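Note that subunit A is present in both complexes that follow, paired respectively with subunit B and with subunit C.
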Partner chain A sequence: MPPVLRKAVLYLCLVAAAIIFVLPLWWAILSSFRPNDAIFRDLFPFTPRALWPEPFTLDAYVAIFERGFGAIIANTLLVAALTTALGLVVNALAGFAFALFDFPGKSTVLGIVVVSFMLPFEAIAMPLYTVVSQLGWIDHVAALVVPSVANGLAVFLFYQFFQQVPKDYSEAARLEGAGWLRILWSVYVPLSLPTCISAGLMLFIFQWEAFLWPLLAMPAQQFKVIQVGMAAFQDQYTTAWNQLFGAAVITALIPMLLLIPLQRYYVQGLAGSGIKG
Partner chain B sequence: MSSLELRGLRKHFGPVEIISGVELKIAEGELVVFVGPSGCGKSTLLRLIAGLETVSAGEVLIGGRDVTKVDPAKRGVAMVFQSYALFPHMTVRQNMGFGMRVNRVPKAEAAVKIEQAAALLQLTPLLERKPAQLSGGQRQRVAIGRALVRQPDVFLFDEPLSNLDAELRVQMRTELLALHARLGATMIYVTHDQIEAMTLADRIVVLRAGRVEQIGAPLELYDDPDNLFVAGFLGSPRMNFLPAEVQPDGRLRPDGMSVDLPSPVDGLEPGCRVVVGCRPENVELTDTGAIQASIKSVEQLGNATFVHADCGAGLAVAAELRQRWSLSGQTTLRFNLPIAQTQVFDADTGLRIRK
Partner chain C sequence: MNRSPIKLLVLTLAPALLGLAVFRAYPIGLALYESLYTTIGGERAFIGLGNYLDLLTDAGFWKSLRVTLWFNLIINPLQVALALALALMFVQKLPGMAVFRLLFLIPIGISLPVAVIIWRIVLLPEGFLNGVLGGVGLGPYRFLTSPDFALYSIIAIATWKGVSYWMIFLVGGLQNIPPEIGEAARLEGASPWQRLWLITLPLLRPTLLFVLVADVTINFLLFAPVFMLTGGGPRGSTNVLMYEAYKSGFVFGDMGRAMAIVVCLVALLLVIVGIQFRLLSSAPPKETP
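Presenting the complex of A and B:
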């Protein structure tokens, strides 16, 4: 086969693969712009019109927000932002302690931290529920935020990065009179921005995708977060498919808007970027 | 500017003793160099003085004050790290001003101090750069500048020049000496480069395996070493050592040779094992020399010539000549060890035998 032809075949395969992956996504997006009764119209039998939003309407989005989806987004943003802010502080402090100090039982505690993020959430859901209900937090925002603040993976991420920072930096800063918190804030955090962003995004997305726990911890359903809210679209009335797709699009869009500008750091942070001397 | 004193200083990491009872007094304004082979504990000793390691036993006094348990920042010391440890995300100005920001020195005052230090170290045009945008020598100067603005009582340098190329090292050495003359500050300088030690030091402290082997002015140590280790450590090529036995007449018979050398010290016990030491530049090449050796190699440095020879039984001897010298087919060498320039050491203890 001549090289040009080989390339053509290769690209054809790639395009075909891309279509297979992208098509469902595309179909979901455009379905959110159709009236509910028109969603399955061109699928059986399939016509190419199924790939075009026609008839076009924003009804689904209007309906979603009329049904209080705006408040649900605001709730989730609040929970996720609180968790991210508190989580960055707590997990960075923990990672810093593991990386810089020697204390009895350090490796054991670190091992527990590692195991804690290997455990599936389902395994701790019931014990956690007991603790939270003893604290009287059921149906309070605290039930959603506090248990998610300390995150083993984030601690481990910070620990890994801080450990690679040459000790000379912290010693030089100590000689200059800086305390440990100052060293963390003025030296380690600026050097580990990609790690901070990675950890922050992780905490955010963790909350954004939370479903089981909010369902358990907020039984009154007064304060709904996005995944729970979305599920409600399915069974509350006869399924409003276009609204369901609209909610899904919004749910995906918000973290994406966050991720794209920070993507550069995110990838760098996970790759464990080196430190320029 | 302060004096410094170490009393019975010890440090162990786990069961291993790294510093074994160091006694040292450094006067105000003195520049003292710690030398020793790699791993002998030079950095550890410096870090004990700075307070970056806790002392296992003994005391550290700075300016007469016991600072053994004092926080590193409050000891009045500034340290220049081998890695420089400049904060990579800060400009030169921010790096130099870090300590003053931490200690809430008024901004105007801090700015003046930074400008002064920068001018002294020729860093003024570089103040807004980040460390990554500087050459090795410039980074080195920034690290010194960061120490300088703190106006410490004692400066500590841990192999500050070891990352620089040879030419820059010579230049920085001169600059450091000028700085010391200008500030008159007490300085401790760690290196394993004996040239640096010889050229910089008011006094040298030779360390081995966590012990002080000898303390003294550079030439004092060079001319009058207390033991085999110091004699062998200073000077390049190193001092020639010939194991020998004391004869009944008090003369010294090097192993594997059939000649006796006159002894520079009297009263040696016959049969005693000793080591005769003589520096390469003192080896006297003459055709009538008492000792014969086969030539192994000749190094021509232009200003000097080193001849390496073998006296048999694997005993190597080096000789340094001030004039050009070529082999011209010669394979053996005859030489004398001038009695005034030879030293005798006890073979068992390594200690110098004086008298």
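Presenting the complex of A and C:
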């Protein structure tokens, strides 16, 4: 194939892929700014005007927040922030212990921890329901936060990073009489900021996207998180298309705001785990 | 501070290990245990392998198993192939690539429930896709309510949402291949196609294996799109095992059967992952110099 033709085919594929990724989203965004009775306008027959938010209105967004979507967002932010904060502490501590100390059975325990994240949450969601109901946490926020705090992948990311820190640093600090926790806090943590960001993003996004577990663990639906709230919204207001789109846009927007500036760390964390795992 | 290392070890390791033991390991044991009991009629009773024996003669279970296997047989090769194609495009160095790279990453920020809501409306008989297809004289199709289309619509939605994520791992793998190898082959006169098959793919094998295994694991347990879109219908055409287990446990209150299905599902998954490792992780084939 001559190089010019090859380039043309490549661009054609790129544009086609980009259209498939972007077009449904674009239609969802513009439809969220239309009145509900104008959602399907200009489609039969299809005209390019279908791709422009006209007539324009913010009614959908006003209605969503009147129906309590603000509280749902706040709930989810609370759950995700708590999980991220606790998860960073708990998993960094474990990663630190695995990286710096030797103890009998270490490689076996580390192996089990690493394998534990290969088993998706969905596989244990139903038996986990029994565990959490034995603890009496059904319909409590603890049911959403506590089971997600310890995370094998996050432990592994910290372990991997802390292992690469030269031992001289900690030995020098030991000689000056610093305790291990102090060394972790003032030597290792500042060095591991990129790892903290990728592990933190992972924990946050995991909670933001959780669906099956909150559905099972919070049956009373008093405290709704965003993915479940959206699904319930869909059942309740089946034909309020513009509001459904509005809810979807808001739900997608918040993780995007985190991911776009921090995507480098997220991609590094993920791709790194894939190459080594 | 004069803590002995043992105390320190317990302090640092206990929270994570306890969490993993209680919320990861214990549920697995519990699933096995509960699958030996039945709760029908209010009383819990030990019935040994009764739930499993019932599944053997349960037509609903076998139909659901067939749907699950068919679904996975299509979606996994499709997602891995498309993710690979996207990754190969992603690493090209051409003017304007930065924009395409950003667009390719968009579905990662979108959760599966959000993708499902958007696509449900796009796929309505009066929705966007039928509008576009109508422009070229096709349709309208009942993408989600016809037993011929529903499963494939779910495959399309999950693929649209999932491929970018798998693409990231493959991009990482591609960037780990030293560019000199491809360059040397190009100077020797190898066509781009030959370079892909003889150099890139063999070197990418570990990453491809990881992506395939992780993708199969997720798709075997896929739940949200079926729950939100079809409820297993129309006529059981999308009733994957994970949804069948959910219905059993949380709609019909038969936790024993639900756990037995989950145990079968995870056991089947382990067998399939084991086979994939056996077939794919052997030494890469000899490369012709």
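The rule is short, and it goes like this: the second predicted complex is superposed on the first by the 239 of 277 C-alpha atoms of A that agree within 3 Å, B and C clash if a C-alpha of one lies under 4 Å from a C-alpha of the other, contacts with A are read in each partner's own complex, and residues count from 1 in each chain.
Going forward, a residue touches a chain if its C-beta (ideal position, glycine included) is under 8 Å from a C-beta of that chain, and two chains touch if they have at least 3 such contacts.
Since we're looking at a predicted model, the values are computed, not measured.
Following the overlay on subunit A, a side-by-side fit with no clash is recorded for the pair subunit B and subunit C. By the touch criterion defined above, A:N91 lies against subunit C but remains apart from subunit B after alignment on the C-alpha atoms of chain A. By the document's definition of touching, of the two partners only subunit B reaches A:L191; subunit C does not.
Legend: residue contacts after superposition of the two complexes on their common chain; A:Y169 is shown touching subunit B, with no touch to subunit C. In the superposition on chain A, A:A247 contacts subunit C only, with no contact to subunit B. More residues of subunit A lie in touch with C than with the remaining chain of the pair subunit B and subunit C.
Once the two complexes are laid over each other on the shared chain, residue contacts for A:A18 go to subunit C alone; subunit B is not touched. Vertex at the C-alpha centre of subunit A, arms toward the centres of subunit B and subunit C: the angle is 100 degrees, rounded to a multiple of 10. After overlaying the two complexes on the shared chain, residue contacts for A:R182 are found with subunit B and with subunit C alike. Measuring only between alpha carbons, the smallest separation of subunit B from subunit C in this overlay is 8 Å. In the superposition on the C-alpha atoms of chain A, the part of subunit A touched by subunit B in one complex and by subunit C in the other spans residues 178, 182, 275, 277. Against subunit A, the residues of subunit C that register as touching in their complex are 1, 3, 5, 8-9, 11-13, 15-20, 22-28, 30-31, 34, 85-86, 89, 92, 94, 100, 103-114, 117-122, 126-128, 130-132, 134-135, 160, 164, 168-169, 171-173, 176, 192, 206-207, 210-211, 214, 217-218, 221-224, 227-228, 242, 245-246, 249-250, 255, 258-259, 262, 265-266, 269.
Within the complex, the subunit A residues that touch subunit C are 1, 6-7, 10-11, 13-14, 17-18, 20-25, 27-28, 31, 39-40, 42-46, 50, 89-91, 93-94, 96-98, 101, 103, 109, 112-113, 116, 118-120, 122-124, 126-131, 146-147, 149-150, 152, 155, 178-182, 208-209, 211-212, 215-216, 227, 230-231, 234, 241, 244-245, 247-248, 251-252, 255-256, 259-260, 263, 267, 270-272, 274-275, 277.
Against subunit B, in their complex, subunit A makes its touches with residues 166, 168-169, 171-178, 182, 186-187, 190-191, 275-277. Residues of subunit B that touch subunit A in their complex: 50, 52, 72-74, 77-79, 81, 83-89, 98-99, 102-103, 131-132, 146, 150.
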